[in-house]
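By written order: A, B, C and D. Residues from 1 in each chain.
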């Protein structure tokens, strides 16, 4: 148990007042908690903190309390392995990670090796955000479960929505020049070609990852191409600067993004975000939902005012973990892994199923855009995310086939 | 055609920003021999100071006050830090600024948070100035141009027409001479360091809302500033100007070239299916400055217009 | 004449205690560690320490010994490591036949060494023609170029995912399957010792001595018949080679390499570690590697401000202890054996007291500031004291000890310079 | 006529427009002790720098034992058997006295750039180091870091490093500059002893040293040699006397008397 996390836990869970509760199931959260990528990791960490807090309040996993510990990996694959080893060493059998496909790949690899080399001591990896399709296709693993839709599925949602918009005839693809960005572009080309041949791809551009400070030249290329919409998998600063440059140059066409909802994009763009910034996600706060869900959203915002309720899948993942433990009747990682396969839980925004063949969660996806006059705003602005017309993509429609050949123990 | 016009225009603005940032470092590096690793941190401080001042008062006050504050911090750093390590040589000074960059990054995170702050272009300048080939041209970019040119002219006047300018010029080319002229060398150094940092701060004030103001902005800008200074040449503001414009335009134009290696070197038998052949000029854009840096240092160590070798 | 020789050269017993004994103790320590019942996680930490010791020592061949400040030393570790991960895969693919089929994973650092040397030979050729700041700038440019280029060649560097391998393939060496972490530990320990001894031996060779001469006075070196450029170049190749060797060790330990391992960040980290350890002493980088590796992977567990502490520590070392930890350790060692030891001990105790006071304030301020800035309402509460950001006690503890500490330290310094 | 140890034929050197050396001709025979004197700024140091390979001559030839060395890098000139000292102590400050001398010996002892040999294991190297230190009288300070030596000792070390490599032509650039009277006497004795059987070229301001040591003297004024000859010839040369005005001319006389 680490001090930082201890202090955090004590404050969050209020354990300090009640003495240390007996912790029987240890869960390790390995993601950046400091440094430049700290915010994205901390945003998810706080979601898990709240989710496990609720789980513990409702009887834990088969009556056992769950203890969540944060490990700071500084988004380095190597450092993640050190932290993974520390986590396993301190008794963690469930590993949560999401930031960066390179880190996820390293963890999958390390978990596979660990489980092979240390039978009886297995650990399970719960991936909440690393969306490279390979993890549930050719590189799939029994020990890995993904709760976020992967890049091809998200693209499926985007293209499904896009083909219903008859005013969009020309599409421009722009992405970061690395595995993930290339995968996004490939998926877009393939899916658009299959779904609607009349949509023309007028540009397919990769820019260096995290190095471009002024996207204006790219925006000018987009303008020159006469595109009606832009599809991008950009995240972080590349996301924000891209749409910012578009706003400056007066390019008012839809930007269909994977991570438009990430921290800071809406506030940076200001009113220019309305009607230009779109995102695809597994749920947004302004969807119709139960009162319990609204209460959760409000509780989250109250506890962590710096962040917005964004990582809905964190709560889904914890729900599934609980359901699997009950189904298995045990908290043993192997038993839970087996129980997770094919498991369905009723989420706030529709059912979530963990597909047995590749351990990829199947759930509804929603295309949303920025609007004013919404119930829940983001980034402490007056704007928030709102479902667009035809924006709900059913799980079945977003589903993608898998090439996974699962090897089970 | 429009690509060329836009590339030149945007490249020029980027180049001017780079110059504003690197002119200070050229002064510091040439006179004091300190390759200030934290120089871009003062750029960041300028942006954050401006953000805070703008929140309380307005942009125009920030434009004036933020560079002054950044310069003040710079002077304190020189007085209480650099001067102390000076006896241990240039490597120690360089390492000191290296650590300082870390420190400023973290302090900025504590004070202003880990996320980007909402430092906006002032409303008075937030409009479209003209439309060119169907693309809006924001007035703020032209404002950057004006500020940069104004700074350029003032700097030129200061260096060529004033007494202190003459001293600085003498020191640029003959750093050992200043002491013999009977001037208070520590004071001159402190002022130059402060002025350099103030220039970086000014670049931050007008660059922070043009790009983005977040704790990573220093790290991203840092290495490129070195490139400008070294490529431009030691002791030469003209060289720094030339290098900044060159890099600004080079990087901006390279982005708009879609040609791949196989297109360019096809005659050598390079095919588009090979990994090397698929690389495009646009992809190479961010590596160009560093390629330039290495080539210049090897082939022409004094840089484009430098008086001395690095 | 012979009598002169004996007076000049250290005696056999001096040689033993000063040169052989430390290495024997080091080796014994390395052997004993797994027997004291450490966990797998601790062994992983030790393995990384071992890798960083070799890496930092190789870096100090440049910075401390040859006076070359490099911002791109991780390039050689990265290239050596990448090569070894590829070899891991070739070994697995060869499946016991052919050349690679017969290469034991245990020998990988040798290949890393060769690759590092090759990279050093190629990159060093243009860059070693310049020394000083120009060299530093070239190394910075090369590091940026290499790490960006690595992203463009996926087949060699695997994109952002990097390339991974499996250390359990290939023929066994001494019956080691290399699977369990304990076995990897012995592998790392072996190569750490080999690397350390080899690099120490290097300092005693003519080339090693010449590199120090070139650092001190490159011009004079020319007038004793040597080409300083050539000296730098050769040393650079060796530094690259040992970094590559550390890369080979890392390839086996972590079984993965990613392009960011070539970037400025790990290069900067090893610079900091080496400098904090003390560049003027052979053992300095070892201290630095141990401390920095430990801090890097464990300090972040205790505080969100670990980067700030790291920066503060680095700056303090640059400002006040340019000889680093090794300088302190050896200064202490000399001090307690000197006749004036009692006065010294008194001075040290005062200094430690002053430092502790300063540290208390700094820690309180930093911790409170981080919690305040996080905005979770989390309160820093060391030893049960609540120190909220708006509490008077917080700012009393945050300022008074700091001032008192500075006063004490200045006083010590003043009496020292008066004496 | 035997081959000259050092021969300069019509050597010119200019920096930009400044012509520092204008047609220098000099011949130093093997085993000769030759002094170069001249007023400040005459180009004496430049002359040394040209011979030792620090500067490249603009034109002209420099022959060392009959081989062309003009424009060759300094380390090559050194390897051909020429060693020099510096006016300002130019030593390896962070190394001990012993290491300084040992490094100066490495090349001549055939160690090259070796990285497979221990410097401590070569008996010859140790003995030669000790011999050199013994000879210059620094043996007691062998383990002192060079930077901590007194000024005079640093000058001595400078000479030790210069003679260590067994070069047969030795160039000494103001070896006694800044030394006290007794230190100077000691240094002269040292130089005389250490350069026995070698060719010595020395630049010196102290006329006592010059006239005490040199077999022949050349007078360098404004980049040209105006006179060369035995000490007594130089002393009587009116051109030399007019080049040296005032105190310096007196020094010339005094030096002769000493």
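Everything below uses one rule, namely that a contact is a pair of C-beta atoms (placed from the backbone, for glycine too) under 8 Å apart; a residue touches a chain by one contact, two chains touch by 3 or more.
Remember, it's a predicted structure, so these values are computed and weren't measured experimentally.
Most remote chain with respect to chain D, judged by CA-atom centres, is A. Chain B and chain C have CA centres that are 32 Å apart. Separation between the centroids of chain A and chain B, computed from CA atoms only, is 36 Å. Centre-to-centre, using mean CA coordinates, chain A is 75 Å away from chain D.
Shown for chain A are the residues that touch two or more other chains, namely 38, 177, 208, 211, 306. Under the contact definition stated at the top, the residues of chain B that touch 2 or more other chains are 113, 283, 286. Multi-chain contact residues of chain C (touching two or more other chains): 148, 152, 154, 307.
According to the touch criterion at the top of this document, the contacting chain pairs are A-B, A-C, B-C, C-D. Put simply, chain D touches chain C in their complex at residues 52-54, 73-75, 78-79, 83-84, 86, 90-95, 98-99, 102-104, 106-108, 111-120, 123, 126-127, 129-131, 133-134, 139, 142, 161-162, 164-165. Per the touch definition, chain C reaches chain B in the complex via residues 67, 69, 126-127, 129-130, 132-134, 136-138, 140-142, 144-145, 148-149, 152-155, 264, 268, 271-272, 275, 305, 307-308, 310-312, 314-315, 318-319, 322, 366, 369-370, 373.
Chain B meets chain A in the complex at residues 2-3, 6-7, 10, 14, 113-116, 118, 120, 128, 131, 133-138, 210-212, 214-216, 219-221, 252, 255-256, 282-283, 285-286. Considering their complex, residues 36, 38-39, 42, 177, 205-208, 210-214, 216-221, 223-224, 237, 240-241, 244, 248-251, 263-264, 267-268, 270, 306 of chain A touch chain B. By the touch criterion given at the top, residues 39-42, 44-45, 48, 148, 151-152, 154, 159-162, 164, 166, 168, 179-181, 250, 254-256, 258, 260-261, 296-297, 300-304, 306-307, 374-381 of chain C touch chain A in their complex.
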